[in-house]
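Below you'll find the structure, written out as structure tokens, and then a few comments.
Letters are used for the chains, namely A, B, C and D, taken in the order the chains are written, and counting of residues starts over at 1 for each.
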Amino acid sequence: MTLDNIVLLIPLLPLLSFLLLGLAGKHISVRFSGVIGSVILGASLVLALITAYDYFFAIGKQGGEFIPYLTAQLNWLPFNSDLSINLGLVLDPISVMMLLVVTFVSTMVHVYSLGYMKGEERYTTYYAYLGLFTFTMLGLVLSTNIFQMYIFWELVGVSSYLLIGFYFSRPSAVAAAKKAFIVTRFADLGFLIGILMLGYGAHSYDFFTLIDRLSHPGSSYLVAMTGASFLGMSTLTWALILVFIGGAGKSAMFPFHIWLPDAMEGPTPISALIHAATMVVAGVYLVARLFPIFAVGAPDALTVVGYVGAFTALFAATIACTQTDIKKVLAYSTISQIGFMLFALGVAGWGPGKTEGFTAGMFHLFTHASFKALLFLGAGSIIHAVHSNEMKDMGGLRKSMPITHITFLLAALAISGIPPFAGFFSKEAIFSAAEQSNPIIYWVGLIAGTLTAFYIFRLYFMIFWHKTPDAHAHNHEKGEWAMMIPMMLLAVGAVFGGFIPFGDFISATGKPLELPIELSHIILPVGLGVLSIVAAAILYRKESDVPQRIVNALGGFYRAAYRKFYIDEIYLFITKKIVFKLMGRPSAWFDRNVVDGTVQKTGSLTIALSHAIKRVQSGKLQAYTMYFFGGVLLLVVLLLYKFA
Amino acid sequence: MEQVPLAHLLILSSALFFLGIYGFFTRRNMITMLMSVELILNSVNINFIAFNKYLFPNQLEGIFFTLFIIAVAAAEVSLAIAIIINLFRKFNTVDVEEVDTMKF
Amino acid sequence: MSASTIIFYIVSALVLVFGAMSVFTRKIFRAAIYLLFSLIGIAGIYILMNMDFIAALQVLIYVGGIIVLIIFSIFLTHQAGDKLPKPLFKRIVAGASMAAFGLIVVLGVFYKTAFKVTTEAGIDHSARSIGRQMLDYHHHGYVYPFEIVSFLLLAALVGCIVIAVKIQKK
Amino acid sequence: MNILSLLILIPLLTVVGILLVKSDQLIRKITLAGSALQVIFASWLTAQYVSLRHAGATAQMLFESSRVWFRPLGINYHIGVDGISLVMILLTAVVVLAGVLVSWKIEKQVKEFFFMLLLLSVGAYGFFISLNLFSMFFFLELAVIPKYLLIGIWGTGKKENNAMKLALMLMTGSALVFLGIVGLYFASGWFGGEHTWDIMKLSHMHLPMNVQVILYFLTFIGFGVFTGMFPFHTWAPDGHSSAPTAASMFLAGISMKLGGYGLLRVATYLMPDAAREYSWIFIILATIAIFYGALATLMQKDLKYMNAYSSVSHVGFVVLGVAMITKVAFAGAVLQMVSHGIMTALFFAAIGMIYDRAHTRMSNELGGVLKQMPFIGTVFIIAGLTSLGLPGFSGFVSEMTVFVGSWVHTGIFYRVATILAAASIVITAVYILRATGFAIWGTITRKEYALLKDASWNERWAAVILIVGIVLIGLAPFLFMHLINADVQEIFNHLHAG
């Protein structure tokens, strides 16, 4: 089997799983459907590993740098001779990295779900949807064409929609699914317009053609697109900001973040796969994909990315400290971590020594996938055992759920950036990149990082400590190997993922890059992290009233953070009061009463007129004679005096 | 009779004609309407005779027309009265205002 | 002014007066009688114009036939002595104004038209010459219309019977 | 005989067939066989067309033939197809087949019902293959009358009123069209040297600008009424709400496309100068229709009203594409016609299936459809996702093509129009997902709904046929693009040549 075929098979296998389970699901025994899905995904993972090996160590590198490898090209929708949507698959360092992340996490989730979703009514459908999602996500990361990415972008949106709404008899799930889809759709509008602008400016939708045409100073396309300006920014800047809005929507950046916490209505493994590890980082991936254009053509847009990322990182971390639903905490944590990745990209630039942020962002994406997926799966097994999402229903679970406890702790240490866990390396890279180029972002990031360690350990202590363990509690994990093994595998990633020499593989230019670890840089973030862990331990390890006192002291700020700074309410106001009440209803009214009213009035006017005219036909003989005689007189007069 | 100008005969006939018209318009009884019609026809006859006498004494066409009109009038009256009697049987009235079923 | 002229004006006045009374009276039987007088007056005018044959026909057909027919129909449809309903006001207004207007128009036309009155002696108006020309089918004869009228009268005869006859209910 | 005439002949023979037999079941079977045959024939014709093109046929129209119909007025039965008419014919064949399947269970006056359906399809086929304005108009009228009867006899609710409204508005539209084509006929005599109804001949004549302007507006608005162009769209919601399922499918799936085709083939193609000069007016109307139609849809609770308003919004893309006058936008308009035709037929079919069972179409009264009737629920969701332009389905392809085509214009006016049109897809998502959330998802609202059965075989086949169409366009748009590419290019060149 050639590499081309292998690469093509990687996304097609999950599609096969979807079609098989989706169309023929009724004829497949429930016992096998999950296994079928998992096996197919496992095959996909193996192929992805082969591909990664081939790419990184055999074919990818030419002359010391990684170059894109394109395959399976199809002229899908030709518009003009020079403009068309091409489908294809591309291997380059970031896509291969994403390929690994997606297939790995997806396989883990498939296996985990064998246990977690056991006995569910629509078990087969669930696996079908999982296959669909994995296919679309793989299609997204392998896209060679920005329109192709938009296509799969929408498709991951819809599979996310279907999975969030998996429990569709719950109104909250229906609402959450709808919200997720609509908010991202709204952001995608920006993406679409950005694509149109880029396509118009560069006469191509192919990523590498776009990069080629728009990231070389002096190229005629670049000159044209940076020359024209609108409201003080060049066309290219606008286009990229619009594209980034699409990315921000999918990656739940402020102010589009509101859908992600609600999306936790879906089954927990879905949250791990879609809403933590893969789909939500699509925005990061998109910026990374277009990074040369951002960095060379529109540094302003990149700055926007940086500030949005940094602000969201802090903002979401603040909210995460106040939430009591464990999945919500993890959701805000995800938002915050994606903020880290984006500001890492945002602080990067083009040129020697400036691209460290790019690698750092990608690195964090990579490590985050494993530890955040792990956190979610851990949360999943806790919820599976406790049957509740609320922290107050938990506590003291370390005895009854030892494996979950250990893996959760490892993941928590990783996300807090404690050496030598995976998160430490990626975060250090981010901080060092930020410190070099933008102090504001650096300090904001540092505070967010400190808060990260705090909220995650608040969560950890609230779940596993806080109350005295019930000595007689039976072990919740017994027999749940399908759930435990994926967690342990992910824990391996969370612990050792940082030791991969990431810069050797992934960099903005394709050339290897050294990610420096310097003691002077380490001390501050790690110290702050440890301090917050200690603080969390003091506050939450045992039951005490100190946290409540702090809450009272914070007062309004705490309430605002607890209510997520009222962003949801603002959205509700805009949709319900403005879009529905002030736009929808008047439009519907206008149509019924004015537009259709005109039609109806024309009709009734005609009828009224005919009613008036029919009076002439009165049946009165003398009236008729009068009309006749009057007419004769009129004619006589006319003939005599007018036409005489 | 030779001293009577043609105009006076015409005035007589027109006056009679429009009396008939007026009667036809205002009478509600169908038989009296019929009488008005007779007046109209007679005024026309006077005209024909007068024109024949004064303007074309060498011809007889005016007389012929009068004769035909009288014949047609006879036919018309007999038919009209047949219709009126039939209507009277149906509606039990000869008031033209009430016989108005042929309408919208 | 000769006697015949004076008689003409008197007869004309009678014709108009009786005509008007026939139109305006509210007693139907009287209306018929006034009409009778008016028609007789018209016959007189024909006599004054030396149209004896026409005058004779006028008396015969109108007075002897039509008026009698009308009076019969009145008897068939009315209680004797009934007053006729008042005409509708709107009809009076419309009818009067139209009639007046029409009269003005017609008289205006007569006034403007210059009729070429000839005083030369005319041809014979006797029943004999009328009959000759009417039944002539060579030179300007009217035999064809005559036949048509006779046919019309026949049709009217049949028509009257068909219309007026009572339909037997089965 | 020219093989194109078979397109008309097959349904006509089917009509004769159903007139001859008595049994209802036999009537259904004959109609089904006829429509299936028509699908096969249309596909064969397409294959034939493609192979002729590959063999190097360069004529603008293929399978052309012309016979004198009425010599004194120069009316010919002149037929021929290019790629654009072919895809419309394919659309018609598919929708008719699905419509016949959906109507399988109709019990009232079966013979007359299928007679009307077939007559309507004859009108549509004839319209799409006509190259003579007069015969085109003839077939257009042929497609109007059956709709009135279909709604008036087999409809629901205020059917008489709504049928009347629909027929009268469409008649007004065709009156305008008629004025337009008669004007073209005389203008061709005065300014082109020869009185003709022939589209091909007319396209070579150069009419004076002021004449073109009048005729352009007459024909554009006339066909616009058929398309449901704002503000002449109100027949659509009311008509659909009363129409039986198959009639709704035909109405939105085929009838509105007659208008769209006319906009392109007659109004724009024959009056190029006026189109270039004045199409901006219709861009405004189309943008209003798209955006405001979507907003009005938000407020609809009745699923049929929702889909009808959504059709107004979606068909706005057709008008927008035609009025944008770029090659890509033309292609987008054609694709949108096909795509929307199939999608909306599927949507109406799904709504009809739900209504037949639950006897309500109110989204707030329904619920749990997916649980009780998984197949119908899935069909509804697929139709909805197509409607909101999900990639992989046809709506995405056509809408994107319109956007890309519109973006060619650099003026701020065009940009705003395009952005507003693009914004409508967000609103589309809102109303589709709301309806799905209320009606399809959720829990069963009434006890008796728990007894409802899922789709029967005929409904399943109807849905599958339409879904195959949607997915085929969605996954392999290049097939259709290649089919119509040369022809939209031709129209575009024509508009910019003189």
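Remarks
The definition used in the following text is that a residue touches a chain if its C-beta (ideal position, glycine included) is under 8 Å from a C-beta of that chain, and two chains touch if they have at least 3 such contacts.
It should be emphasised that the depicted structure is a prediction, and the values quoted were computed from it without experimental measurement.
Think of each touching pair as a link: the shortest run of links from chain C to chain D has 2 of them. Inter-chain contacts peak for the pair B-C, counting C-beta pairs in contact. In whole angstrom, the spacing between the mean C-alpha positions of chain B and chain D is 67. If each chain is reduced to the centroid of its CA atoms, chain A and chain D end up 36 Å from each other. A straight line joining the Cα centres of chain A and chain C is 104 Å long. Centre to centre, using the average C-alpha position, chain A and chain B are separated by 98 Å. Residue positions of chain D with contacts to 2 or more other chains are absent.
Among the residues of chain C, those touching two or more other chains are numbered 91, 94-95, 98, 102. Among the residues of chain A, those in touch with two or more other chains are 622, 626, 629. Here the touching chains pair up as A-B, A-C, A-D, B-C. Of all residues in chain A, those touching chain B in their complex are 614-615, 617-622, 625-626, 629. Across the interface of their complex, chain A is touched by residues 91, 94-95, 98, 101-102, 105, 109 of chain C.
The part of chain C that touches chain B in the complex is made up of residues 1-2, 4-5, 8-9, 12, 15-16, 19-20, 22-23, 28, 31-32, 35, 38-39, 42, 45-46, 48-51, 53-54, 57-58, 61-62, 65-66, 69-70, 72-74, 76-78, 84-85, 87-88, 91-92, 94-96, 98-100, 102-103, 106-107, 110-111, 115-123, 125, 129-130, 133-134, 142, 145, 149, 152-153, 155-157, 159-161, 163-164, 166.
Residues 622, 626, 629-630, 633, 636-637, 640 of chain A touch chain C in their complex. Residues 165, 168-169, 230-231, 233-235, 237-238, 292, 295-296, 298-300, 309, 327-328, 331, 368, 370-371, 385, 388-392, 396-397, 400-401, 403-405, 407-408, 418-419, 422-423, 425-427, 429-430, 433-434, 437, 441-443, 477-478, 481-482, 485 of chain D are the ones touching chain A in the complex.
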